[in-house]
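Common to both upcoming complexes is chain A, partnered first by chain B, then by chain C.
And then the complex of A and B:
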C-alpha cells in the first residue's frame, strides 16, 4: 500500500468517524428489517369478533383498525373516523375517512362499518366481543361516509366500546370470500397486512405500503410462540428474537441493568385480588372483612413475591380506568395485625388453645379457592396471605384447583368457599365495565360477576345513573361515591395491578407500552442498524 | 398373513370406539364449561346457553357420542369448540411436526442405543460396560425438561451452534430430537445389553464361535437377531411414548406439535379437538404395535401368523 493510498484511507476513515453519530440523542427512524417477538402462547384466532385475548389481539390490532382508538394516554383518538358527535344517550355519529382501502382493494365506507357491527352482533352467532361491548344495537348508515352507532338503552361508555381493538373494521368482501377462514387470514385497513400463520409456531405480518396514514418502518413482524419461560429468555439472549412479551420476572432486574437491553412497561388494567363471599358466615360481618384486609401485608407481598413485575393496587379499578378513585385502603384499613385481632374479637371470637380464634367452640377456619398460574403469582400470594392470617388467629385452607374449576365455582349460583383469587380487567377502560357487573345486586352469578354476592340498592342506583349520564364529570362523581361505598363495605383484598412489560434488545426503538394489554405499540417500531 | 393384518385392523374398531367413549366421559366428568370459559367475563347466561346449544353441549352424552361416531365414519373429526376450525385441518397442521420429531428421536435411539448395548454386552463388567451402565442410568433418570434446558444453555447460549427453539431447518431438529431420544437411547442400550448377555450364553453361539465365525458375524448374525425380539417390543412401546409424551420437549423447544395442541385443548375444555387428537394418537399407537407384531415373524421365522 503506497503512502498516498494510506493517506486517502486515513482521510476516509476520519470522514466516516465524523459522520457516525457519537451516541447522539434520539436517532431518526430507519426503514426496513424484521422484528421477531417471542411470546408464550399462540393466537386462538385472528377474528376480533371471536378472539378477545391478547395473543390474537396483539396481531390483529395492526391489521384491523377501529373507528376510534385508545391512545397510550387513555384518551380516545381518531382512527378510521375523523370526527364523532354524541347525538343522544343512545347514539354517536361518526364521520369516516374517505381515502381508505382495505388490503384486498375493497373501499372502506359506512357500509363496511355496518357490515362489521352486524356481523359481531348477529344474534345467531355468539361473538365474544358482543359480550364485552354493552347494549349495542347496531350501525345505521347515514350516507357513504357517515355512520351512527346505536344502542338499545342509554349507554354512556359507548365511545369506549367503539375504541376497543375488537371493534376493528373488517373487509366485507374478504369475509364473504373466506368465510370461517377469515379467522386465519384477516383483511383490514391497518399499517400491516397478514402474511402467514404456522399454527403454534409463528404468525407473520408485513408492512402495508398503501396505508392511508404514516407508514410503518419495519418490513415484517414475526410473532413466535415460545411457551417455556427460560427458553424465551435464552432466545432473547441468543438474538433469535428481538423482543420478549411476558418476560421472566425474576430476570427483569438483571436485564434492566444490561445496556444491551431495554425494558418498557406500562401500568395495566387488571387487578388481582382475593374476594370474600358475603353469604358465608362470618364474612357477612363487615368487622371480620375489615380485619381480613388489615391482616394483609400487601406491601411485603408486592416487594417479595411480585418483585417489581406488578404495581400496587388500591381498589377494584386500575388507575388508568375512567372513573377510578383510590379507595384509600392504606389509611382506612392499614396493615395492623393487633387491630385486626381486636376487630375479630369484637365480632365475638376468642383465641382458642391453639391460637386460632373461635366462637362457640368452632374455630375460625376460612376456605379459599385459587388456580395456580392463571394470574401472575396467584398461588404464591394465597400462601403468603395464609401465613399472614395465621398471625391474627385465622386459619385459611387453600384448595389449588385448575382454572376451569375455579371459574365454574365462582360463577355458580351457590359459591362453596369463603374466599377466592380472581383477576379482573376493565376491558373498556370505563368504570361501568367493572362496577356494574361486579357489584350490582342483579348481577349475582350465574347472571353476572357479583361473585361476593353484594346487595346494596343505593349502590345500584349510582351505577345506573352513571351509565346513562352524558356528563363525564357527573359520571366521575357518581363512580367516586360508588367506590366509597365499596371501601366502606370492603369485600376484597386487592394485591396488585398488572404491568404490561416488554423486554427487547436495545436496537429495537420506539416501542410504546400501552396500559391496555391488547394495544401494545408494535406499529411504529424501527430497528437501528 | 394378510388375514392376520385384516383381523387386527378390524379389532381396532372396538378399541377406537372405546377410546372415544373414554375421552367423552372423562371430559364430561371434569368440571368446567367450555362455552362459559370461551365467552369469558362479559357473557350473560343467555349467551352461554346459546353457545352451548350451537356446540351440541346441551345434548346428553349418549346423543353426542352417536352423533360424533356418525361424523367420524365420514372421516369428519368435527370443529374445534374454541377456534371453530375443522379438527382435521388443525391436526394436519401439527401432526407432521410431531411425526418428524418422533421419527428423528426413534432413529437416534436405534442408531445409538442398540450398538452401545451390543458393545456393552460383548465385554460385561469392563470399563466400557460400567461406563455405559452409569451413563444410561443417568439418561433414564434425567427429566426431559431439564435435559432440554441444559442442552439449550450449552449449545445455543454458550456455544451458539444451534438455535434454541422453533421449527425450520434441520438444525432446529437436532436439540429436540436428542432431548426426546435420551431416555429411549438409555432404555434400548440397557435392554439390548441384557438380552444379548442371555443370548451369548446359548449353545449355538458357542458352536458358531467354534466353527470359526468372526466375532462381528457372531454378534450381528447369530446373537443380535435373536436378542432383538424383546428390544423391538420395547421400541414399539417407546414410540408410543415418543409421539404422545413429546409435550415437554415440544414446550421447551417451542416445537409446534400435537402434544402442545392437546394441552391447550384440555385447558380450554375443547373436547372436540381433544377427542380428535387423542384418537389420532390412539390409531398411531395401535398401528405401531401391529408393525411390531409383524416384525416378530421377520426376526424369528418360527413365528407365523394366520
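And then the complex of A and C:
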C-alpha cells in the first residue's frame, strides 16, 4: 500500500470511526415493511429553504436529492449529476442524468436545477441554506442536461456546497402549485416520496417505485416524535419503534450487550456548545467570558452526563474538518473556579450577601435558552453548567423551550437572552462553512449565524482570504489564525463533539451511520422477516 | 353518636369538634403527617444534610447508602436534601394557591348565592366554563399563557381550584339566606354586607375548611404534575414533581431517583386527604357517610 493511500485511509478512518454498515449477515435484503423511527423533535420544515437543521433534513434528504452527495466516507459521489468538471475557479460544469422524473411526473433537467438555485439565491427571499453555501451566483443552463454552478469569486469548497443535503433539487411545478405549502409537502426525485406530516406526532415517507437508482427496500419510513428519552427507550423495548435516534446514554451499555439490538455509531462533525451574546452586558467584557469558560467543568460533564456517547471538543470545529485547529481551551482557560471568581471581580463585581456576584447592587444573573432533547443531553448540560456557575457566584436562569422556539429566537435580529445552547455541524467538512457564517461581522441573524454578534474586521479579512485562496496550505494557515482570534476573544463554551448514534432492533439491517447527522443512511435499510 | 354530642350542651362547639376528631385515628394520622411536613418545610436549612442544588457529578445516581442516605440523583445531588427542601415548594404552592381559591371562590360564591338572579347566572356559568376543562388542561393553559415558574404555578393552581370553592360556598349561602334568623336580621334593617359577614359566612366556614384541606392535597398533586411536565417549578429549585420527571429517565438503572420523590408526593397527598376527611367528619357529623 503506498504512503499516499495509507494517508487517505487514515484520514477516512479518522472521519468515519466505526461507520461500517451494520452487519447484514449472509441474508440478502428483503423488500417490504415499515421502519418506525423514534426521535426527540419534530421538523421545523421539510424544505431547506426554511430549515437547515437535522430534524427536517433527516427526512427531506430522502425526498430531495442534490446533484452530488457526500458519502459516509466524506467523499463526493454522483447523484443527479453523473459527472462534473471544474471549468475555472468560479465554475463547475455538471452533466445531469437524463432518466429522472420528479415524484409529480415533472421531468428533471437543467432548468429544474436552475430553478432550485434561483429560488435559494433570490436576493428578495434568500433561503436559509443560501447563507451557508458560499458566494454562489447561480446556475447557468448550458443545454437540457448540462448546467454550470457559478460563483462570484473563487471558492475552494464549492463542490462540497453542491453536495450538502440542503442543495436538494426541487420540482419547479410543485413549488409553483403548492406555494408556501411546499415546505410541508416537498416534491423531489429521491428514493422516498412524502406521504404525511402530523405536526409533533409523525412524518411518513413511502418508497418511490419509479426511482432512477436502486430502489429502496422499505415500503415506508415513519419518523415519530417522542420527546421523552425514557419513553423513546421504552418504545424501542416494546417494539413500538424499530430505531431510536438520540438514545439515552445511560442505557447504551445495557442495550449494546443485548443481542436483540444493534448500536450503530460514527464520529460526528457536530460541536455542541453554550454560546454567549456579546451585545448583552456583562458578556461584552472578555474577562467575564473567560471566567464563564473557566467555571465550566467540561470534563466532568463529558464523563458523567454524556457517558461516552460523545467525544471531547476544543473549538467550534470538530477534529476532522479541514482547517480545524485546537483552541487549546484547557490550557488557556482551564477549569478553575477560583481564577474564574477573580476574573469576575476584576470586571467590577463583588460577592453579594447571598453569594451571588453583584455590581452596583445588581446581581450577576444570566439568562440561557435551551431545548430539551434537540441535542444529546442539552438540557442536562445547561443544568450542570448552572450549578457550576453558581460556584463562582453567577446565577443562571434557564428557559427550557421547544426547539422551534429556540431556533426562532437565535435566528431573530435581536437575541433576547445572554446565552443559548446550540450545536453546529460543519456540513461540508470545510472550515469555511462554519468560520464565515458564524463569525463574520456581516453574518448577524437573520442573514447568517453570527449569533454571538462578534465584530472583528481583522477576522473578517482572514476568512475572506481563506475562502478565495485555492492553496490548501495557505487556507489552513489562515483558518488557524482565525481560530486563535476566536480563542482569544472566546464567546462559547464547547461541551462535546457528537457521535452519531442510532440504536435499533437487530432485525433492522444495513443502516449506515454518517458523520454528518443530516445524511443518516435510512435509504437502503431493510427489515429481516 | 350524633345524639351523644347533642346531649352534652355544656361542651363548646370547638371542643366537641376536637373530641370527635381525636377519636378518628386516620384523621390524627393526617394531622401528624401534615405537621411533620410543616416542620420539614420550616426547618429545611437545619434538617437538610446538604445544599439541595449542589452537584457532585462524579457521584451521579449513587445508590442510597452512607454518603447519601436516600441516594444521589442524576447530577450527584443529595436526594434527601432535595426532598426536604421540596416540601417547601409543595406546601407553599398548596397553601397559597388554596388561599387564593378560598378568597376568590368565597367572594364569588357569596355574591352569586346571596344576590341570585342574573348575577348568580353570570358568575356560576363562568365557573362552569372553568370546571368544564379537564383539570390539568386548564392549569397547563394558564401556565402556558403566563410562563412557567413558582408564582405562575401558584396562580394556575389557585385559579383551577376557585370554581369548586365558589360552588360549595354558593350552596351554603343559598341554604342559609332563607333561614328565619337571616330574615329577622333583614327585618330589623341590617345592611346586606352585615348580613353576609355576620350571619351568612360563619355558616360556610366549616365547609370551606374541609374543602381547603382536601384541595391542599389536589394542589400539591397538580403542582407535581405541572412540574413533571416541565411547566411548573424550574430547576434548580427542588420540586417533587420535577424530581420524578427527571428521575424517570433512569427508572431502569437507578430507580431510587424517581421513587423517593414519588413516595413523598403520595405521603403528602395522603396526609392532607386524611386531615380533610377527618375535619369533615368532625365539623359536620351529619355529612358522615
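The working rule: the second predicted complex is superposed on the first by the 298 of 529 C-alpha atoms of A that agree within 3 Å, B and C clash if a C-alpha of one lies under 4 Å from a C-alpha of the other, contacts with A are read in each partner's own complex, and residues count from 1 in each chain.
Just so it is clear, a residue touches a chain if its C-beta (ideal position, glycine included) is under 8 Å from a C-beta of that chain, and two chains touch if they have at least 3 such contacts.
Given the structure is predicted, the values throughout are model-derived calculations rather than measurements.
**Q** Is A:230 touching anything from chain B or chain C once the two structures are fitted on A? First, second, both or neither.
**A** both
**Q** Quick one: is A:258 in contact with chain B, with chain C, with both, or with neither? Answer first, second, both or neither.
**A** neither
**Q** Classify the contacts of A:416 with the two partner chains as first (chain B alone), second (chain C alone), both, or neither.
**A** Neither partner.
**Q** Return first, second, both or neither, reflecting whether A:128 touches chain B, chain C, both chains, or no partner chain.
**A** A:128 sits against chain B, while chain C stays out of touch.
**Q** Just checking: does A:297 make contact with chain B only, chain C only, both, or neither of them? Give me first, second, both or neither.
**A** A:297 contacts chain C only, not chain B.
**Q** Where does A:44 make contact in the superposed view: on chain B (first), on chain C (second), on both, or on neither?
**A** first
**Q** Go through the superposed model and pick first if A:442 touches only chain B, second if only chain C, both, or neither.
**A** In the superposition, A:442 touches no partner, neither chain B nor chain C.
**Q** Looking at chain A, which of its residues have contacts with both chain B and chain C?
**A** 228, 230
**Q** Enumerate the contact residues on chain A facing chain B in the complex.
**A** Touch list, chain A to chain B: 41, 44-45, 50, 52, 125-126, 128, 130-132, 180, 183-184, 198-202, 224-228, 230-231, 234-235, 237-238, 240, 402-405, 407-409, 411, 424-425, 427, 437, 446-449.
**Q** Quick check: in the complex, which residue numbers of chain A touch chain C?
**A** Touch list, chain A to chain C: 228-230, 233, 248, 250-251, 254, 297, 300-301, 303-305, 372, 380, 383-384, 386-388, 390, 397-398, 400.
**Q** Report the residues of chain C in contact with chain A in the complex, numbered from low to high.
**A** My answer: residues 53-55, 57-58, 60-61, 74-76, 230, 234-236, 248-253.
**Q** Any idea which chain B residues touch chain A in the complex?
**A** Residues 30-33, 36-45, 47, 50-51, 54, 82-85, 90, 93-94, 97, 149, 152-153, 156-157, 160, 163-167, 251-254, 256-257, 260-261, 264, 267, 269.
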